[in-house]
Amino acid sequence: MKLSTYRTITGYAFMAPWLAALIFLIGYPFVASMYFSTCDYSPLKEPLFVGVDNYTELMQDTVFRQSMLVTIAFAVVAIPLGVLLALTLALFLNTRIRGVSFYRVIYYLPHLVPSVVVAILWMWMFNPQFGILNVVLAPFGKAAAYLLTPFALINPPVPGWLGLVAVIVIFAAWWKTRSLSQDYLRAGHERFKRASTVLAIVFVAAVLFALTTWLNPIDIRKIQSPGWLTDGNPFPSGLSFAPSWALWALIYMSMWGVGQMAIIYLAKLQDVPVELYEAADLDGANWWQKTWHITLPMISPVILFNVIMGIIGAFQVFTEPYIMTGGGPEDRTRFVAMFIYDQAFEYQRLGYASAVAWVLFLVIVGLTMLALRISRERVYYAGK
Amino acid sequence: MTSSDKPTRWYFALPIHGILLVGAVFFVLPLFWMIATSFKPLEQTLKVPENLTEAVIGTGWRTTIDGRVYEVTLERQIVPSDSEPDWIVRPLEQFSAGEMTHPFGPDTWHKYPIFNADELRRMDTQVTPEMKVLADKTNPFDERRGVMKLFSGREVRAELVTAIRPPADGQKLWLVREWKPSDTDTKEVGSTSGDVTRAWAVLPEAQIEKTIRAIPENYPAALKRINFVRSLFNTLFLCLLTVCGSVISSIIVAYGFAFIEFKGREILFIITLATMMIPFPVIIVPMYLLWRDIGWIGTFKPLWIGAWLGNAFFIFLLRQFFLGLPKDLLDAARIDGCSELELLWHVVIPLSKPAIAMVALFQFLGTWKDFMGPLIYLNNSSQFTLSLALQSFSSEHGGTPWHLLMAASTVFSLPLIILFFFTIKTFIRSVAMTGMKG
Amino acid sequence: MEKSPENPPAQSARPLWTAIPIRPVHIALAAIIAAVVLVAAYERRPSLKDDFDPARDAEFASTWDKRVHIAYWEKWGSFEREACQAMVDAFNRSQDEVFVHYINASQVDRKTMLAIMGGDPPDVAGLWATNVPPFAEAGGLMELDGFMAKSGLSKDRYTPNYLKLGTYNDKTCALPTTPASVALFYNKEHFRAKAAELRAAGLNPDRPPRTTQEIDRYAAVLNEFGKDGKPVKMGFLPTEPGWFNWTWGFYFGGRLFDEENGRITADDPRNVDALVWVKRYAERYGREKLLQFRAGFGNFDSPQNAFIDGTVSMEMQGVWFSNFVRRHRPHMEFGVAPFPTAEGVPGPVSLVDADVITIPKGCPHPEEAWRFVEFSQRDGLAIICRLQGKHMPIKEPPPNFRDGHPNLELDVFEQVAASPYAFIQPRTAVWREYQHDLGTAFDHVWNWPVPEDELAGLSEDERATKVDALCRAEIERTLKDITARIQARLDKRRSVDELRRENASQSVETRP
């Protein structure tokens, strides 16, 4: 027989178990849920085809909107923070200091604790009356309160989201002109360099403006002794769609799990060819330049991988809020995965739950595509 | 922060150590708290510790009663006033201890399972003339008539031993009672109050010595509550099956992706990656219905059959790793007439031990920690895994025994930590070699 | 012969199956697969009959094998569980044909629903009354009317509300096991300690408050604050214990659901009044201070329970609570009275709820299950109600039921349960969502920010009026929102059911 036939047969023979999984355990449920999403389906009754009813109801469901808001707020804050933290940690763990393997183990420990235990443990630590966390964080809280008081006292009568918009716009403009100014510098156009400096100053001003619109005196009080899981009010209180204190508690808890990402970064870091660093040393680069121009680009595929995993993960968060807050004060920690679970198993609306799940899937795919698109110029694949 | 060959210089090393140390403290704090709490008595887990010693280890009290040294608990503060003094009396008639604490007599409290066996035993203990009891507002003692009126209504004759008056130096008076380590096996605080078989006394604060108290008995108590051996066995059974399944199936499928050029390989791989993007809630319901139609709900099968068919993440991992292996070795073996499976077994697997170890470890961790799967598919409590058993600690109406829960959690997490320590070397190296090229 | 990867051994002429050489590896793989299949096939679902514990079941050993074994899933823990076990033991001892296995299941409603879906339900399931409409509407429970008629179990023997809880669409799907009603628990020790201040405020320390306005006034006297204004003791907190947050409207004469017309009435103005009254408590002492105060409350079943350790002087609680108080603080002097209603609202008003016993549809032994359920309704009721320290859901309890009953306050609970103004939870299939939304609304109202300077320096009455003025609009809006949303859901459900009925009448139904 021909080689290609031999290969095809052998290939599919090797694929056999996975194909079975794809068809039965993933494909069939996937397609079935698409069908259910167009039905009204409660357990013990047959599915009844209702067309796009579930989807139109979805568009008007305020609780769904709330849960999307919660999930997106969590993702927007936790993912960048997590990536930053994991990266910093990996850079630290990559140094040749004595006992570094001890640290590596310590920072991975949180992943060895089952999520049920983690949820219960943290729920207890967050207790404002007898939880240990407020005690330990008290000095940091006081310091933060001191630093932020001037911002809280100035209260411009502007909505908080204006501050966010200002920061984003100015930051984007600054970033654009920064890369532009590199090119123009080489061409000798000094004024572009000045323009980017001006934009940088305006950016800092926008940040300060944002802080003043976002912070109120009530935040200063709360920072020193937060209510955590019991407090459903947004922090900072000037920004109405900011994460609530309960959500911040969950974000804080998720920071505890950066060990896994850090280890992956660490592994990739050790792949970076030493010659690059040596060449940079010859050129007289300091450690920041080396990190920014060599290390980060070399591990950028992993960063992208982690961002995508983070997006997928954020939309599937379930166990911790389920055990710790049950949806939180006023649905402020009701993640989309919890919303789906509730609709399916509490209210027995399996069709509606499937529709929500599908919308969720499309959102995830969309965000992932977006991330891939944005990353195309930024991610460097060595040897590809 | 570069991986050069030279060790980092000390003026960099010191601040790095500092920062890592501070971070490590924050990371370890919850675990440390979990372990520390597992050795404390329940009532001390419900308040914030006032100093470092209290945070690390529980407080105990020790004192001398009738010449013997006892570990005691502070049952309650005795605040006698001149108008309402308290007395220590010796009863001249026999009665049940429970008559001092409950408004109805032994007939009643035996009819109702409101009290568990321990409570009943305490209440049934006969108070005899050799014992002394504390007469207070609830069981007042009439000095003139020499009669004590019990809370249950009965009156018994008694003789006065001491009258307790407010101490001259204004010290606090505490009713202390002997404490035994087995007391920790309780759902509520203060359940040893009223146990007349134990030594007790009313003492001023100065005579009570504060010590530390660690209660390793929390562990057997916790494990007794959950059906530990059975749950452990179930969990290990599942772990064994899923680890074997994942390893075998992922190796086979990844080999196919890496080394066999068959038609449609690229598309299949992209589909594989895409499946990682499907959120679990999308398939949770139809999957349940699928298992129901096959008739496997209530068995372990839905929890481990999937592992034998492959796992997208592990397939991806192993494929990346296999792609990094030297191609010539495989070509040489092919020339020698090896079939694909033999190639896999004799050449690829020995070279891939670290990556395989990593897959095994991740799968073990995943199955050990899994809680949603057993929750949905298992119905019979004899099948429950450790994660479900842990859940059963927090009872309906509150009253979580934190100390026992933390002990159980430590036991739950410890095997994973130990396993991790043993495999750490292969782990780090293998992650490096999977070459995550995105 | 030299073989290269380009030319596999020349086998093009031979049939395919001989082209693959059998090597040890293949055999090993096949062996592994065979082993797995064996393991999978070997596993049997555990059967009830095998669950014989010599220590516990010795007395039944002789008849073990000839009995029919049925499973009874129940939710209780602690002493309530032992009470139920006593009822099960009594049944097992009373006859030889059936043996009931009492199986403890947390989240028993979810488990039962999943089990019914999975085709493997227990024979008897102990659910909450709130589960009856959704389960019954989905067809998950067997109808008991036929069984009751056959066994001569009359519907008249029940206090009407308790039977109503187990009925859906005029069919009895569940029967009550242990009833519940609620009342005001008040700490007599606190009342006595503050007798002078109470009298000075024109209140009688020897009796509990009778209207909601009186609660406000008693609470104002009973509150205690530490330095920096933090609450140390609260006279009354509507958020304790937090299980009845949806019921406040009823005490003001409001209703949540109009059964005849099938309309959601959350926006009834009296419900608004109730929430305004609740909101006053939030604003009286500062929401944040209260937040911290409440976070320190101990667990329900412990001596640190807010009422038991004296942190809160008055609380709305159920009939079970007397037992918990007596266990943790046997000497505590507390009183129980019908919960006050607003002025002008007839009473006594109380929430009437129950734990129910059901026979899921598709269970393996319905006849035997009914035998147990029937027992639970005849002799069993007295056993379990007495041992759990509750009253009975029937009109005429047996004469010796009260003898030495541990709950000394039974009178009050029986009185309020039988009151014509007692209410049950709305009997509608959308109740779970409705209840959830009401809970969220309560939290929302409680947490809705009222600027502190608006209330600074005002007297109690002025504060009350100010809170009313500031919050009423928001409360109305919230309740109207809920009404609209839940009504839409209810209407949708009805129309879908209509559609389903039309389809069913046109074609033959088979279950998937």
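All chains are identified by letter, namely A, B and C, in their written order; residue positions are counted from 1 within each chain.
By definition in this document, contacts are C-beta pairs under 8 Å (C-beta built on N, C-alpha and C of every residue); 3 or more make two chains touch, one makes a residue touch a chain.
Remember, predicted model here, so these are calculated numbers, not experimental data.
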Farthest chain (mean CA position) relative to chain C: A
Higher-contact pair (C-beta pairs counted), A-C versus A-B: A-B
Distance between chain centroids, defined by C-alpha means - chain A, chain B (Å): 29
Chain A-chain C separation of Cα centroids, rounded to whole Å: 37
Two or more partner chains touched - positions in chain C: 114, 117, 512
Junction residues of chain A, two or more chains touched: 129-130
Where chain B touches two or more other chains at once, by residue number: 46, 289, 308, 391
Residues on chain B engaged by chain C in the complex (per definition of touch): 46, 101-104, 107-109, 111-116, 119, 138, 151, 187-190, 241, 244-245, 248, 288-289, 291-292, 295, 297-301, 305, 308, 331, 334-337, 339, 341-342, 344-345, 376, 379-383, 391-392, 395-400
Chain A residues touching chain B - in the complex, by the definition given at the top: 4, 7-8, 10-15, 17-18, 20-22, 24-26, 28-30, 32-33, 36, 89, 91-99, 101, 103-118, 120-122, 124-125, 129-132, 135-136, 256, 259, 263-264, 266-272, 274, 277-278, 287, 290-291, 294-295, 301-302, 304-305, 312, 315-316, 318-319, 336-337, 340-341, 344, 350, 353-354, 356-358, 360-361, 364-365, 368, 379, 381, 383-384
Of all residues in chain B, those that touch chain A in their complex: 1-8, 12-13, 16-17, 19-20, 23-24, 27-31, 33-34, 46-49, 55, 249, 252-253, 255-256, 260-263, 265, 268, 271-272, 275-287, 289-290, 306, 308-310, 315, 340, 365, 368-369, 371-372, 387, 390-391, 394, 402, 405-406, 409, 412-413, 416-417, 420-421, 424, 428, 431-432, 434-438
In the complex, chain C residues that touch chain A: 6-8, 11-12, 16, 19, 110, 113-114, 116-117, 134, 138-140, 288, 291-292, 294-296, 361, 430, 432-433, 440, 443-444, 447, 449, 481, 485, 492, 496, 499-500, 503, 509, 511-512
Interface residues, chain A side, partner chain C - complex: 1, 3, 6, 9, 40, 42-48, 50, 53, 57, 62, 127-130, 221-222, 225, 227, 230-233, 329-331, 345-348
